Structure formats: C-alpha cells, structure tokens
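Note sheet for the following structure.
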Amino acid sequence: MQNQFFPDIPRINYEGPESRNPLAFKFYQPDRKIGDKTMEQHLRFSVAYWHTLTGTGADPFGVGANLRPWLSISDPMEQARARMRACFEILEKLQVPFFCFHDRDIAPEAETLRETNRNLDQIVELTRELIADSGKQLLWGTACLFNHPRYVHGAATSCNADVFAYAAAQVKKAIEVTHYLGGRNYVFWGGREGYDTLLNTDMGLELDNLARFLHMAVDYAAEIGFTGQLLIEPKPKEPTVHQYDSDVESCLNFLRAYNLLDHFKINIEQNHAILAGHTYQHEIHMARINGVLGSMDANEGAYLLGWDTDQMATNIYEAVFALYEVLKAGGLAPGGLNFDAKLRRPSFQPDDIFIGHIAAMDTYARALEIAHNLLGAGEIEDFIAERYRSYREGIGRKIADGSIGFKELELYALEHDRIVNSSGRREMLEAIVNRYL
Amino acid sequence: MQNQFFPDIPRINYEGPESRNPLAFKFYQPDRKIGDKTMEQHLRFSVAYWHTLTGTGADPFGVGANLRPWLSISDPMEQARARMRACFEILEKLQVPFFCFHDRDIAPEAETLRETNRNLDQIVELTRELIADSGKQLLWGTACLFNHPRYVHGAATSCNADVFAYAAAQVKKAIEVTHYLGGRNYVFWGGREGYDTLLNTDMGLELDNLARFLHMAVDYAAEIGFTGQLLIEPKPKEPTVHQYDSDVESCLNFLRAYNLLDHFKINIEQNHAILAGHTYQHEIHMARINGVLGSMDANEGAYLLGWDTDQMATNIYEAVFALYEVLKAGGLAPGGLNFDAKLRRPSFQPDDIFIGHIAAMDTYARALEIAHNLLGAGEIEDFIAERYRSYREGIGRKIADGSIGFKELELYALEHDRIVNSSGRREMLEAIVNRYL
Amino acid sequence: MQNQFFPDIPRINYEGPESRNPLAFKFYQPDRKIGDKTMEQHLRFSVAYWHTLTGTGADPFGVGANLRPWLSISDPMEQARARMRACFEILEKLQVPFFCFHDRDIAPEAETLRETNRNLDQIVELTRELIADSGKQLLWGTACLFNHPRYVHGAATSCNADVFAYAAAQVKKAIEVTHYLGGRNYVFWGGREGYDTLLNTDMGLELDNLARFLHMAVDYAAEIGFTGQLLIEPKPKEPTVHQYDSDVESCLNFLRAYNLLDHFKINIEQNHAILAGHTYQHEIHMARINGVLGSMDANEGAYLLGWDTDQMATNIYEAVFALYEVLKAGGLAPGGLNFDAKLRRPSFQPDDIFIGHIAAMDTYARALEIAHNLLGAGEIEDFIAERYRSYREGIGRKIADGSIGFKELELYALEHDRIVNSSGRREMLEAIVNRYL
Amino acid sequence: MQNQFFPDIPRINYEGPESRNPLAFKFYQPDRKIGDKTMEQHLRFSVAYWHTLTGTGADPFGVGANLRPWLSISDPMEQARARMRACFEILEKLQVPFFCFHDRDIAPEAETLRETNRNLDQIVELTRELIADSGKQLLWGTACLFNHPRYVHGAATSCNADVFAYAAAQVKKAIEVTHYLGGRNYVFWGGREGYDTLLNTDMGLELDNLARFLHMAVDYAAEIGFTGQLLIEPKPKEPTVHQYDSDVESCLNFLRAYNLLDHFKINIEQNHAILAGHTYQHEIHMARINGVLGSMDANEGAYLLGWDTDQMATNIYEAVFALYEVLKAGGLAPGGLNFDAKLRRPSFQPDDIFIGHIAAMDTYARALEIAHNLLGAGEIEDFIAERYRSYREGIGRKIADGSIGFKELELYALEHDRIVNSSGRREMLEAIVNRYL
C-alpha cells in the first residue's frame, strides 16, 4: 500500500468498541454481514474530494489553516497530481471504496477553457490508473459552476447567455470524464442557481433555462452512452438568497413541471435538509416514497447555526433514521454515503483527516446495525400497520379504492359521529428506538 | 347603519395623513382611482371571522383577554347570532367589502353532526340576510378540521377512516354553505394534515388520501354548480411538526403529482411564507409565474419569532412587494386580501378591532400607490429586461428556442471563454424602491 | 398504594433493556448505585403539576384532547382535590420522589383574592397530608403570574401598579405555601415579564420594578424563615416578544446589576436554552462556573420548530451532556430534574402519562451511567487539562497570575512569533463520547 | 480632490428625491440642520476599511469577484498604499468624515512580527499625512485577531499562552497606532473568542484570560494617554459556535463580573443583533439605558438567512428605530455610524462602492429626519408616560420609592383585586410611526 503522504498513519483496522486508539475502527467492520449484505456493501462510503483534498480550512473569517503535505508543492499541476495520489492513499488506509469530485477540485483552471480541459485530462489519466491499480471507484462526478467569478450570477440560470454556454461546455466535459472513469452517478448541485434579489431577477426565464440545461445533459449523457444515474442535490439559502432546488419537494415540482422526472433522482444531504427546515429522515423518506432516492451526502449540520457547517457525522440518531429509510428502500446503489463533510478549522492536522472519517464511519456502522435490528424486530412497522388498519376494511377500504364520494361519506358520518381515536404513542415509539441504541 | 355592538365607533372615514384620529383612515380612500381601478377594487379587503369575531385573545400561556360585547350572551346560538351581526357592523364601519369564515367560527358545534349542521344552517340564513341587506360578500368559506379532538391525527390524513368520513361530510356542507352565500372561493388549509413523527406515520397513504379527498371535493363542487375558485393554503410547521402543504412549491408538487393542478390555486399568507423560510414576495411570485396565484392572507409575522403570530400588517415594504406582484398578475380577483390577523393580546379593547384594521388597510392602501408608481415608472422592469437581453439574440436566442445542445455550446464556449458580466446592482435597486416610498 | 384514578396501571418496575413492556423501566433502577449515590439520589426526578395534572392537551389550533379521569368532576374544588390525589398516585406508581406546581395549578381562582387564597389553603392542607402519608416532597413551588388577563402587560413589570401589588400578594402567599409544604426551592419564571413592543414600553422602569419585586421576595422569605433556594428560570421569546430573563447570562447580568446575585440561582430548561440559541449544556455549564446552577427542567425541544414544545426527553445525548455538568457540579440538590414536559397532543390517553415519564426517566437513567463512566474515565478531562497546560508554566503562568502586562508580552511575542498550535480534535472527542453510549 | 482610482466617479452631491442619478444623494445633505445639529454631525458616517477596501468579494462558495483598480499592483506594500489613497478618494467623494480599520486591513503581514510592525508603521505614516491633508478622521481602530491560523483557537482565549502574548503585542501596537492617528475609539470584537465545542474547552479559564487581556489594554491605554473610548462589539455564533460576547447583556454581565464596566462601552451592529435573536433597537435601547451605548455598525442582515450578511442598510424602519434611540441618548459621539457592510458579491464593479454607500447614507439621512420628527411630536413618548402613570402616585409611588413590601402590598391587593387594564395599542403605535415615514 502507498505510504507517501501520511507515513505515520497505518491502515485503519477494526479494534472493537473498547479500543482507545484514535486510528482504529471501533464499530466499522467492512466484511461483517448485516442481514444479507456486508457493511461495505450497505454503506458504500465515499470520500468527498473537495473537503478532504482540496479544502484549505479557510472560513469567512480566516485563511486556510490546514496542514497538508502537498501544499509545499508550488507547481499547480504537480500539486494536483500529489493530491490525487494522496486521495488514494486515504481511500486505501480508510478502506473507503468510493470517492467523488468536482472537475475543478482535481485539476486547476488555466487561462483558457481549452487549456483547462487539458489540465483536467492529465489528472483524469492519472486517476484512471489509480482506479485500475486500487479497485477504488468513482461514486459520482460533477462540475464546479459556482467558484469562478464568471458564475457570479449563476450558471444555467445566469442572466448572461455566454455563461450558460460556458457552463454547458464544462458539464459536457465533466460527464465525459465521469463516464471515462466509470462513475456510477453524475450530480447536479445548483451552486449559484437561484437569486439574490427578485428586484433584478426573471425567475421564469431562469427556471426555463435550468430545465433546458438539464434536458441537454440528459440528451448528451444518452448520446455518449453514460448509463450512470443523474442526480439533483437540493439545498436552500446558500450561496444565493433563494436557491431554486431548495428541498426534495421543490426538486420534485421542478422535475415534474419540466418532464424531467424519469431522468433524475435526488442526492440528499443532512445539513441541507435541516437548513430547509426538514429532518434528514423526512427528506430521505419523501424521496423514497416518490421513487427518487438516489444517494446521500452523509454529513451533519449544527441545528443552532444557520449555515452549512458540513460536519463529520457523529450523531447516531441521525444516522439510524437515515439508514432505516435506506434499508426500507432496499439499499442505495448505485448511490452511496458520501462524506460531504469537512473537519472543523481547529482540526487542522493531517491525522485529523483519518480521525474525522473514522468518527463518521463508526457512527454509520453502528447505526446500520441498530437500524437493521429495529427494522427486523418490526415494532415500529407493526405499530404503523395497526394504526392505519381502518383503511383496509369497511368505509376506509372504499375510500382507498376510490369507490365512494362526499355524499356517501356524509351519510356514513351522520351515522358514525362518535369517533374514537387511539393515542399516537410518540413517546413510546421514541423509547422503543432508544432500546435498540 | 347598524350601531349595536360598537356604539362609540363611528363609520371610519378618510381624513388624510395629517390626522391624528386613531379612528380615521390616513391613506385608504376606497373610491380613489389607482390606475384604472379604485383602491377598493384593487385591494378587495376581507375581515377574517376567526380572529376578529370568534377569537378570544388566548395564547398558550393565558386565557382569553379580549373584551367583546357579545361575550356576555350565554346561549351559544344567541351569541353566534350576535357575533354575525357584529361582523357586519364591523364590515360596514370599516368599509370592508368581504369576509371569510370557517364553518365552526360562525356556529357552535352540537352533540351530533346532524344538530351541528342545523346550527350552521340557522346562522347561514341570518348571514344570507345580512349579505343581502349590506351588499357585503363572502370572499371564501372553509371548514375547521383541526380544533376538535376528533382531528387530533388529522382529517383527510387521519389514520382513522371514520375521521376521513366525518371531514368529508363537514367539507361537503361547508362547500354547500359557501355556494349558498355566493362565496367567491373555497379554501383548504390543511390544519392537521401532516405528521408529528415519522415513527407512527404512513406518509404515502396519507398523501394519497389527501389527494382522494381533494378530488372528491372537486367533483362535488362541480356537481352542485359551485364555480368559485378552490384554493390551497400552504403553511409549514404548525400545528403538526411537518405540514404536508408547507410552501407554494410543495403544493405545486402535490397538485401536479395527483392531477389536481387544473382545479386549485394558492392562498398565500405572509406569516406562513416566512415560517417556510421564503419571503412573502417569493411565494406570490412563484405562484404568479406558475399561474396559481389565487388569494392572499395579508397579515404579518415576526421574523425573530418562530411561530405564526398573525399580526396586523403595518410594514409598508412587505405590502409594496406583495402588491407589485399582484399588479403584475393583473389583480387578485376572485381572490382578495384577507386580514388573517389578530390583535396582540394586550390590545384587548373593542376599539382595537377598528384601530388594528385601519393600521393594516392604510398600510396596504399606501403600498398600492407605491407599487403602482414603481411599476408604472418601469425602472425595475427595464433593468431586468436589459439584464437578460443576451437571451433574445445570438447564442442566447438559440438556447431559449431549444435549437442547440451541449456540443454546439462547447464549440461556442471554447471561442468565447473571456466572459464579461455586469453588476447585479442590488443596492441601487433597493435605493430606487426607497425613492418611491 | 392508592389505585383510584389509574386502576389499570401497575406500579412501574424495572424489567431491564430487553423488556417490551411499555409500563416498565428498562434502565431506571432507583436504588442502583452510580458512584457513591443511588440513581434516585442523583436524579431527583420531579413531576410538573401543570403539564401532567392540569394540562388539557390544548394547543393554539385545538381544544384539549386529553382523556383524564378527573375531568368528569364538575365542581372545581372537587376536581382540584381529585387531581392532587391523582398526582400522588402518579408519583407513587412512577417512583418519582418530587413534584412542582404553580399556585393556580392546584387550586382554582375564585371571585376575589381572599376566596382564591381560601381555595388554595384547602388544597394545600390536602397536599400536606398526602406528603406526610407518602414521603413524597415538593421540589419547588411558584406563582402563576401570566395566565389571567390581569397580567396581560406583565406582573412585576406591568405598567399598572395595582397589578404589581396583586402579583406581590400572590407571590407572598405562594412562598408561604411552599414553605408550609417543605418545598426545597421557590422558582420565579417571568411569565409575561418582558415587552411586546418598545413603542409602548419603559424598559428601564420595568427592570427596576422587577428588581424591587425580587428584593421584596428575598426579604419576605427571610422574614418567615423560608430557607429554600430561590431560583430564576430564563426563557426567551415566549410569551412576550422579548422576555427580560432570556438566558443564563441575561439573568446573571440582571442579578449583578441589582445586587441579587447572592440570593438567586438558576433553573435551566433544555427547551428554553435552545430557543435562546444556546445548547442545554452551554447554559448549565455557564451556570455551573458562575456558581448559580440551581435546578433543571429536564424536557426537550424541537430544534426545527420555533417555540417551546416541552417534549418528554428521549434524546440520550442531551441528557448525557447535561448530567456530565451536574456530576462536575457535585450534584443538583436542593434542585432536581423536573419533567417540565407535556405529552404530544396525539398522546391523549391516560396511560400515556406513565409511558411518557418512563421514556424520560429511562433516558436520564441511562445518560447518568454514561456520563458517570465518561467522567470517571477522564478521557475528556485529561484532554482539556493537557490542552491548556501552557497557562501553568512560563509566560502563561505569568499571564494567569497577573504579573505581566502588554509591554512584557510584546517583548516575549517579538521573540516567539513562530507559533505552533495543536488540533482541537473535536471529531475525536465526539467519537470518544460515542464509545460510552 | 484626488481622482486617481475612480476617475469616472464625480464628487457625490445632493440632487433631491426626484433624481434618478445613481451617483447622487437623494436625501443626504451634510449641512442640513435637523434640530440643533447638521446631518453630518448627527450621523458621523464611517467607511469600513475591511469590506470596502480590503474585501475581495469572496464567499464560502467562490473566490473574489470584485474589480478594484489596485488589484493589478503586485507588490503588497504598494498595493496597501494604493488602497489607503483610494480610501481617502472614497471618503472625499462620498463626503464621509470617518473611517475604521483593523491593523491587518491596511498593511500586510510579513514573516516576523517585527517586520509586520514595520509594514504597519509605513502605512500609518501615509495615513497620518492623508488625514492631515483631508480633514478626515479615524472613528476607531482595532486589531485583527482572527484571520491568521495562529488564532485558530482564539486570541486572548486561546489555549496556547504564546498566542495570548502575540495577541497582546498586536493590540498594544494597534492601540498605539489608533492613538497616533487621533482615533476616537478603539474596538474589541472578539473574533474567535469563544468555543467550538465544550468537549475541549475550559470556559472559566478562557473568560478569566479575556478579562485579564482587557484589563491590560485598559492599563496600557491609560499609560500612553489614549483617551478614546474603548468599545466591545457583541456578536453571536460566528466564527466560533459560541462567541463569548454574544449580545449586549452577555457583554454587560462580563464587564460587571470582571470590574470592567467603567472602561468599556458597546459597539452595536444590526446584523449581530438579529443573529442573537434581538432587534437592532432592542440592543441599542438596552445599551442606552445601561449607559454603554458607544457606537454602531450600521449594516443590515437578512432575517431569513442565518449568518452575518453585512448588507448595505436600505431598510428605513431599521434606521428610524435605531436613530430614535440615538436621539434619545443625545447623540453617538465620540462614536459614529460605521458602514460595516459589504456589497453583495454580484455588485462587483468599482462604482458599486459609491452606489452602495449612497443607498445606505440616504437611508439613514431620511431616517434621521423621520426619527427627529417622531420624537419631536411626542406621540410615542406621551403614550408611554401616560401608560406608566400609576407609578408616580399612590401605591405605585410607594413601590417605586421602596417604602413598601409584600405584606403592605398584600393588604392593598386584597382590597383592590378588580383590576382594570388599558390596551397596549401596539397596532395604533405602529400606524403612528408609519405616518411619519
């Protein structure tokens, strides 16, 4: 195994819950069977290139604080190559099977688009070799359409048609690259697709353009034979004041309105969910019952802060409820659990990369077992089935099969107006969940 | 004019902005023309029966504090009759042309549904006479499906089919009553249509049932010849933890998914909008460009508090941006501006009813003139038109007419990768708005 | 044991974590030693009379839904007696040693203050007997200064001096009653002590009056020999727009400014903490290091909702971090853990009272063991001690002992400007906490 | 007048409310008398160097987008000189009398602290000349203790004593520089003085150290004869999870606890206020009645977003309520209204600097006149005086002068228990404010 960038970090192994070794798994055992699949097969962990490799630890009040071995390399392309090799060292040492990237994370932008593409091609070749050597896989690729000043007014929703064209060129290339690297999915997160103020915005035109852009992407993916899943990632409030894809339902509405529902699924992030005022579970559940649960950005946000903190997930409840939905959906593949998470700025040391991912992997590993047991025991499912029993018989059945209308229901109600309900038992159900923790 | 309940309150007249008389309009002049319509025709004000007549001033920490002349009447039906007469006295004195109610606001619930309907019928007869005598109109009717314990788990989304039936009977009757009284619209606010916890909820079934319920309502309205507009009113977070109709886009998604989009428009409330994390203008704009702007609940919420405070609207900015959208939509009819607002609990005196409505009516009257001038001057509209000019020519035009795809756009972008953007000018545009204030 | 009101509910016993009996403890064993005290001694659980006995399950959108055996008793005083007896049945069956009440929770208000006091005295006599018979204790008493319309503008901060006087009379009586019943503490929660709008408020006078009121209370308690602890309970935003005692620091500022710091400690509630934008642990920690940690309202709020939901606590993390602070403080006595929590409205059955309390008691019992183990292991404490080591030697020691100023520090810094920091290790520390769960 | 950096921008003159010239004042007339002072004397506007000169337009999702004439200068010191000259061109063209800076805004950091100080000294000399030539003044200086990685764990509250020493050296120098330039105030904003997680924090020690640091600053300022006002600026939530100086009351508590109240006043920012859950007016009012209103950061935040957006102020209500308090305080001097505001990232053109400041200056100019008229008319003040009349006579007077206790008040209350309150009239008062708009 490669040992170039983090020579003091060993391969991370399982040592069990009693271990105090920060560089060991306490719960994650890739080969351990949970039901009919191994932990690795269930969880499909992925490292997010932008936070883990390209991120500097800067925040709005301070410059980058991260100590990273490749930062001493001054040539941008050499640094990019080093970062990619470091990525695979991380994947191997952490036993993580997947990674994700934006085009500009892995290769630097140059003076012209043509040169930028050449930069990208070179790093993609290296990446393809590293994939072949390691067996690691690309969970998804995407294009960064928000960092450069050209995207200051959006990309597909820019008021400037030249920007739309540039974004199209960039996504075309990013889909090609994802396809070339065997990527399982391609993600659209609408970086600056939204507005800052309605005072300067033609929202109708912008939404139409966004739909045109996505249809072009669907067509082009088909043309080159990319059969990976296309995903939209909802997020509200950042970086624009109103992001068009603000939550799962706004995405569903958009996809339905523009006949795109057959082509896209949703990539759900915990922090984006709570910023939209929904629980993580709500968003996953909503996607699941609409058949669009695609993949997940398994990070964690701070409920008392108002922005995307993208923390390493360590809250077992959040992970349990998320995986409960995933298990009910029959799994996430071809999606996965991508750690779209960054270390806190004070965790700036290289070994924090490993410690942070271990914390999140152990959290999800433990949550997987809990969710599996909870679902297997059936206490929750049985309660729900019993609770809605009235729709499987009598008047309820007629309601459910559509054989009845207001007039018949009124006659029924006039004769049955002494209604008896049963407790919703939320406190009992929460205590049941705690028993499985 | 009737002068029974508020003998000390005169008819409220316009006295101009210099008047310090709390019982006079400073801006609202019903007959004053703004563009081609009078203020009254534009604004279509409506009194909300529940807050203004039925409300007691109770809050979660205190019992009712409101002093109201009808509260000394102990017989529930007599009190209900008095309240309805008081409503018309308020409408006349305030020169408000419309009112809105839930079925249970106007008539008390009895032991059986049959008796409850009889109570309702009696008050409806009185109401019909008062309408005929006064020329006042019913903006919309609705059914209260959230107050009684039978609806503790929802109405159309209850886990109990008997509750669904009861709710159907209640809505059937409420549509009939609305029709009988010449109501212009019928509103569905999903009181407790949502969930408290996913641990006890079959969300898929609940949403299916909600759609079945609305289809039945559509069918029944057609059957009895009710041609008023059906409206859905979005609201998040209250009273259930997750309300299904949480914002305009969630409603649109639901209506599209269940083939209901042709039958419903949206009733937008300021306070509900901001609880959902959107501006009032955003929600109205979103409804407008989707062709579903139906009516408005013209109240105001507290941005720093987290629940539906339903305040009398006094913020001129909020009203200007709302009416700007209404003017662009060509007006609200058959909808209107309903004061779904309650006096603060410390404003418990009877004259506060008038003072509060005057405050809101003057706010909207003044905002109407500002919005009209702003739209007429065209400074904002011209800026937007110029900003998106690139989509009416060259490559932008090809994007907009769909005659181009990723490959052509890439060729274009490779030759046009030195992009020049222009400032979005938000600060300038906000200063322009201030000039019209 | 009394078995009058809940004949179907047995005494709740410990059955262990495998039990599926909703009417059994899975974790709480009152006599089990955790360190040098039993669970019961550590946790000092208390039932909140207002939510559990007096509460009806009403919310702003619906009337009371709770089914309670005493609601069929129409005479108010008879109902009050039944409720108090029911309280002791609950305390005994749940093995809860303490309870808390507001004066008006236990006895109904009458026409005059004199009669109201008589009502209260009668129930207090009954309560004293029940205490004597059962060994149960009063954790704290308080006065309800927010429910009645007379308090619409506040009590000690009312603009009406007659209201101040009435409130004084009420608190005088409530302290007497608390003293008579052997209450361990007396709580001031500033119900409506705050303002609705600054447009009608003399905040300076109101704060002065609040301080005068509390000084009078201190004096009167001393005069009658009440040696229980006086407590202030912070809460922001509800029911007034701005509550004066909004969080621990605002209380500390107030107590310092008015020379009250020697007489009061703080009663901290989880839901109030998060509404103020702080974690529960933050507020407890802040109180602890300022020597004012008095007691706790051990409920739980909904992070995504904006009001005081007062849920039964079921989140183990919240309880662990709270009890970690309590253990570091050396315990809570004479304070306790009061379940200032209400069942969700859909949990309206009588047995939900027991199920809900069991859920919370098991949560805190389990958290106690976790917190004890975490503190005992010392992993967190050792990390912190090591992290601040630099203040126990060299330049840091001089800083800490005050023997140095800016000039000396500048000389030092000019020679030591290549600073080396260490990682804050938040991810590692969170993973350590998870190991103890 | 200097015309080097913005050759196309004229001196900004008053053209009146009808002007559509974006480069003219519509309301601000520096010499116009409002009461006994000119607008300039009342408002004491200040440009914030960090946002307006040093800021790049970067945000967490994109690199700097601002086009600025000095960015083409590659030598850091030459660029710093150009920026300072540009600052004075802006001050003169905008007719703004004051500016503010952090040490690192004006001069670049070098390899060693000694060299950094030399860089600073050079720019300070230039600044002193520019001040002398222009008559412009330094409202306040401060030190940037949050941007560099050395401050990753805080400055005065760092766990690393070497960092405390470095921060002390930096503040010592910044006070000297502020003194040398005739600065009227010196501000402490506790950049990273707070914590990320309690799991790694000794909050007691950190607060003690912060107090030690401020005492050293007080002593050193006295030693060198700096008589400017020392100010603390509260802010919650950013950049640390919990900032120690979170709002006015937390600052007051800290200042009281550590005997610093005689030495500090408060610098209040609108956006920080609302992030703390308070209105801007609340924070100013609280500071005013505690005698610590020092200065104001006159920006504006987005109520629906959860971070410090630092927008140019354009909301007239916010400015009116703020200036109403300032007028009641008798003015702000030696403080001022500092535009701690940045242009939205899409407003990246150089002329947006002027357009943005004009928007804010006109907003505050107009608000000044409104607030002056509102206060002069006395409608609000008279209402409040009447509302609290009961404390100037009878029982209320005895309460206010401390000549009465609970026992006398009980006797009074028993005889006066039929309390009559009056309406709080919030709606009327808000309508009155609107009349002055």
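For clarity, chains are labelled A, B, C and D in written order, and residue numbers in each chain start from 1.
One rule holds in what follows: a contact is a pair of C-beta atoms (placed from the backbone, for glycine too) under 8 Å apart; a residue touches a chain by one contact, two chains touch by 3 or more.
None of the values given here were measured: they were computed from a predicted structure.
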Review point. Which number of steps is the smallest that gets you from chain A over to chain C via touching chains?
Key: 1
Check your understanding: Can we say the copies chain A and chain D touch using the same residue numbers, with more than half in common, or are the two sides different?
Key -> same
Practice item. Could you please state the distance in Å, as a whole number, between where the Cα atoms of chain A are centred and where those of chain D are centred? Key: 39
Check your understanding: So how far apart, in whole Å, are chain C and chain D when each is placed at the average of its C-alpha atoms?
Key -> 36
Practice item. Mark out which residues of chain B touch at least two other chains, giving numbers and ranges. Key: 149, 152-153, 196-197, 237, 277-279, 304, 344, 346, 348, 421, 424-426, 430, 433
Revision key, fill the gap. Given the complex, residues on chain B that touch chain D span 17, 20, 22, 26, 274, 277-279, 303-304, 312, 314-317, 343-344, 346-349, 351-352, 355-356, 358-360, 362-363, 366, 379, 421-428, 430-431, 433-435, 437
**Study point:** Complex contact set, residues of chain A against chain B
**Key:** 112-114, 149-150, 152-153, 158-166, 168-173, 196-205, 207-209, 212, 216-217, 219-220, 236-237, 242, 246, 249-250, 252-253, 256-257, 276-279, 281-282, 285-286, 289-290, 321, 380, 383-384, 387-388, 390-391, 394-396, 399-400, 402, 405-407, 409-410, 412-414, 416-417, 419, 421-422, 424-426, 429-430, 433
Study note, to complete from the structure: Touching chain A in the complex, chain D uses residues 57, 59-65, 146-149, 151-153, 191-192, 196-197, 237-239, 241, 275, 302, 304-308, 344-346, 348
